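One structure is given here, and the rest of the page talks about it.
Order as written gives the chain letters A, B, C, D, E and F; numbering starts at 1 within each chain.
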Amino acid sequence: MYEIGVVYRKIQRAEGLVADKLGGFGSATVHEAMGRVGLLKPYLRPIYAGPPVAGTAVTVLLQPGDNWMLHVAAELIRPGDVVVAAVTAESTDGFFGELLATSFKARGARALVIDGGCRDVKALGAMGFPVWTRAISARGTVKATLGSVNIPVVCAGALVHPGDVIVADDDGVVCVPRATAARTVEAASKREVNEAHKRAQLAAGVLGLDMYKMREPLAAAGLRYID
Amino acid sequence: MYEIGVVYRKIQRAEGLVADKLGGFGSATVHEAMGRVGLLKPYLRPIYAGPPVAGTAVTVLLQPGDNWMLHVAAELIRPGDVVVAAVTAESTDGFFGELLATSFKARGARALVIDGGCRDVKALGAMGFPVWTRAISARGTVKATLGSVNIPVVCAGALVHPGDVIVADDDGVVCVPRATAARTVEAASKREVNEAHKRAQLAAGVLGLDMYKMREPLAAAGLRYID
Amino acid sequence: MYEIGVVYRKIQRAEGLVADKLGGFGSATVHEAMGRVGLLKPYLRPIYAGPPVAGTAVTVLLQPGDNWMLHVAAELIRPGDVVVAAVTAESTDGFFGELLATSFKARGARALVIDGGCRDVKALGAMGFPVWTRAISARGTVKATLGSVNIPVVCAGALVHPGDVIVADDDGVVCVPRATAARTVEAASKREVNEAHKRAQLAAGVLGLDMYKMREPLAAAGLRYID
Amino acid sequence: MYEIGVVYRKIQRAEGLVADKLGGFGSATVHEAMGRVGLLKPYLRPIYAGPPVAGTAVTVLLQPGDNWMLHVAAELIRPGDVVVAAVTAESTDGFFGELLATSFKARGARALVIDGGCRDVKALGAMGFPVWTRAISARGTVKATLGSVNIPVVCAGALVHPGDVIVADDDGVVCVPRATAARTVEAASKREVNEAHKRAQLAAGVLGLDMYKMREPLAAAGLRYID
Amino acid sequence: MYEIGVVYRKIQRAEGLVADKLGGFGSATVHEAMGRVGLLKPYLRPIYAGPPVAGTAVTVLLQPGDNWMLHVAAELIRPGDVVVAAVTAESTDGFFGELLATSFKARGARALVIDGGCRDVKALGAMGFPVWTRAISARGTVKATLGSVNIPVVCAGALVHPGDVIVADDDGVVCVPRATAARTVEAASKREVNEAHKRAQLAAGVLGLDMYKMREPLAAAGLRYID
Amino acid sequence: MYEIGVVYRKIQRAEGLVADKLGGFGSATVHEAMGRVGLLKPYLRPIYAGPPVAGTAVTVLLQPGDNWMLHVAAELIRPGDVVVAAVTAESTDGFFGELLATSFKARGARALVIDGGCRDVKALGAMGFPVWTRAISARGTVKATLGSVNIPVVCAGALVHPGDVIVADDDGVVCVPRATAARTVEAASKREVNEAHKRAQLAAGVLGLDMYKMREPLAAAGLRYID
């Protein structure tokens, strides 16, 4: 399925402005706006609580226990990118730590999303480089086996193409294909306006049952109230 | 096992005062006072660190990936309640978020305990609505299939009846049956007095071996010291 | 494999100064300095974020659901020790809480590493007693079955001898055998000097590809760049 | 939640004939006939492939690592019973083996369903005593702490009352409350007749799309075919 | 990431002969021949031991707890196909059983690979319809929410396009892209010839150390023998 | 903790006759005879049902995804050995398959116990080479990084020294230290005689309650019977 040992230098990135707008909505709203698809599995968690992040994907395919390709990827990072790293087998090793984060940050990366482990979490928090990861582990990696950079990867169960928009926050990580990113901004925007209105009603004590007009369909589905 | 599609409007709640007192002891002390039973499984974790919570259970049975019944339950919440939601199959979806929390809070709910996932965790922290959950996931749910409200449910391995007292804190969640809640307050109270005394001794350097008079039973059990 | 029902009163501890120095490097650096071995499995996590801890191991073998031997161990703790507790079967019970922490602290223990569960996490945070644990659970334990103290134990997949140095921080827990502790300080020290230099270069935008001279080996391994 | 240290000698069992009939349908059909409830979690698996089993529940509450109450339960087994054992905390220990199976079989038990571990699996297969279990483990248990017999228990996430009907086969385990057992036979019976007819059609190449008249609702839901 | 609610009627299948040849090699050899990529995660297991299976993929995207799209897919199956079903969220429900298997078999399907659960396993074994699945569960599904058919899907961590070759056996499941299927047959063929020769040598007592000429590289890597 | 890159050529093996005797008792009896210690974690399972195996341990420490050291170990196998392989990080890769099994068998190995994955399970079954493993996976490994042979290893949570006795069967795997192997034969022997007698009584309908004289201690512990 994967092409191994290749690095695509040129990728088409979604527009930075679109990525930023998507970041403003957060992963839950973006996921709904896309038709309830695009989420990476919820085992990916941020290593520290911080603001939402959005950017364009630089993708990396790693071999388990080997972070060589993260160094190769560093050269291809442009300001506004989010590095998305998949691994060819399940691994919780600490592929990424303070040194790589220093390099990624210097290149303008906004975050790392990795279907593996990460270490130096205190230092990463102090320097403000956010990471979404499946594990925290002090166990380091070697630099011995080729993977690839900027090929389509499956990360935490979701397909990510280079240049797609990644939105990551406390609720998780969502990937928005480049082609539908602008359209998703619109859909998310509508949804958000809608939500603000609903929130006000609910805070005032209006029931969702009435606001969403659920009483009839509930009765039609056979719901019985017993006093 | 479960009655599906029913909502019990009237439930008998444990006394609010009793629930508040139990909350003051915390889940560990209450669990011990009950004879070491009543805990929900430890995979339920709070979405943010906060003060202990206690209240009377409004129970909900959800279908996986469907939060319709949480809306039905909202109408039945009274101030001082804790909503306890079970799911008919394992699911980590985000059944609950900011909008429902706004509604629950407006109705007087103190917390949600859910054997599923939750989203909008940053917003929930900001508004101060505590949730104990098995997962955090941006993945939303539909409103299509009936469950039930205020039937006895099995949540995270424990049986919870509507009106039971729920105590939840950083150590976990415990359910105290309504019938034994008052008696549990007494037992927990005795235990706590006892603990304060022990703490002072231990802090002064007295060994548990001596304080609990364990040396003899340890020798009787055959413990051998080797110099 | 284990001797049950024995307590070794006299153990040979690594030098306190060496332990302190190792603690200064952190688990990731120490693990690398040892040749990438010695880590406990990454499911052990600190119950609260705090500074790194290092000390000499007092080992305990517990039976599942039984914390009797932790009381026996308390008597053998000396200032600067870290208690390392293994369990003969997988258990997430709360073997350890505020009372034992009070006692351990009074005896001079710096931390507990336990391949089981812990409770009273809020109180432990308030009193500043750090614990690395596989679970948080309000479920308490009994005092009925013998284990052992200060025998070699397998904790979270790693062999720990009494007197070994334990280094624990946000990235995990590593065990350094007493015999190699001094040598590991040296190796870690060299590594750290080295890292400071690298960090400065990477922060200035130098690529790891160039700094580590990776371009040639990558080409030799067959990496192809595609424009 | 649980009453500890009690044994109910007299329980009301569902009719044996009804249990036998339910066994004939299998767990999947019975679960559907009940309205898609009543299943124990799918991590319970049979220790060997064998015919379906059905019987009336004798319930046991065990403490982790302790099988004392299985001996207490043995005395209360009547021919046609299935013993259902819950544990107050997660445990994979081997609570049950050849000796207890010999005793249970001599008393007329048809099977054991246990939310824990089992051992002597080869011998159990040879003697034909079926067990549904969460783990296989040679690790034995002690006889030191009280649980209860014939109280309602939560086993693998499902509430089981003494006297309920248990149906267990290769697909899993389902609990049918005594009160609805007869009604469930009827519902399952209708379902089965229905299925035989459907199977014949499908085997002849008729599509479910046509047999279930799904084309219209699929179109209504917005399904688009692309050539 | 996924297009929801679409069915592609026309797909380009890999040649049947190529699929058959790949099936003859088995998943391990094919995976190696592809450069050690293409495997689905090892949690997918066959529901019964049987011969290896190979065929061309018809892909299905399911919603959790909903098997509607499997019925839609049935119409598009051609003899020699293997249905590959992904689910938009983790679910162990029994999406597939005897009735659907009867239909799939009548259409010429050779197997199902599903990142969810399956039921009626005894009947499926009896009728000889092989399934690779993550769980066995009697819990059935509804037919209420649209997914898609014959779009690219991520199943058990691997990207599968409609028409790709699927090879499944006791060791797992591998997906060979249509475009590289013929080339993979050649590579696998060479590998197999090679292995037969090696097997004979090893059976005769020749050591891999000598056969693979490992002694020198081991020494170069620093391996020390101690007598 | 581990010495990396060393191979101990000479190890002291437990007596073959003692190993054979221990194998005759099975893992459950041996584990009990040792005082309920020595078991490897129950996630290790046999890849096919077969007779019990016992032998003397040749130990291997592997790096994740790398099986080089299994080839090094092959040379050191003597008839009657069981190879026990630990991995420095969790890995489910298929470290072992038909070729290595052919070699191991030719050298006289009786089985492999590996805290990793295995492949070619059908072929291994056909050739009768038993393996206890944590996973089955077609994913192969490389030969690039040194581990060690015949050092003490922690395998599935248990410490195994080269030359110890390994007993493995359907119930799991137990390690008996060389020094206590003979003594364990005696203890197991007594236990077995004892069990045969008990089995006869239980089969005749005698209750464990009476046979083990449990009624009094149960009453003393407070057990209440309710009619």
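In the analysis below, contacts are C-beta pairs under 8 Å (C-beta built on N, C-alpha and C of every residue); 3 or more make two chains touch, one makes a residue touch a chain.
All values reported here derive from a predicted model rather than from experimental measurement.
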item	value
Each chain counted as touching subunit C and subunit F at once	A, D
Whole-Å gap between the CA centroids of subunit B and subunit E	43
Centre distance in Å when subunit A and subunit B are each reduced to the mean of their C-alpha atoms	31
Rounded Å distance between subunit C and subunit E, as computed from the means of their C-alpha atoms	41
Per-residue multi-chain contacts in subunit B, two or more chains	36, 90, 92, 139, 145
Chains that touch, pairwise	A-B, A-C, A-E, A-F, B-C, B-D, B-E, C-D, C-F, D-E, D-F, E-F
Residue ranges of subunit B in contact with subunit E within the complex	63-65, 89-93, 139, 142, 144-145
Residues of subunit A that touch subunit B when the two form their complex	26-28, 31-32, 36, 39, 42, 45, 49, 169-172, 174, 195, 198-199, 202-205, 207-209, 212, 214, 218, 221-227
Parts of subunit A lying in touch with subunit E, wherever the complex brings them together	1-2, 4, 34-38, 41, 88, 90, 152, 154, 157-160, 175, 177
List of subunit E residues in touch with subunit D within their complex	5-10, 68, 71-72, 74-75, 92, 94, 97-100, 102-103, 105-107, 117, 119-122, 135-140, 143, 145-146
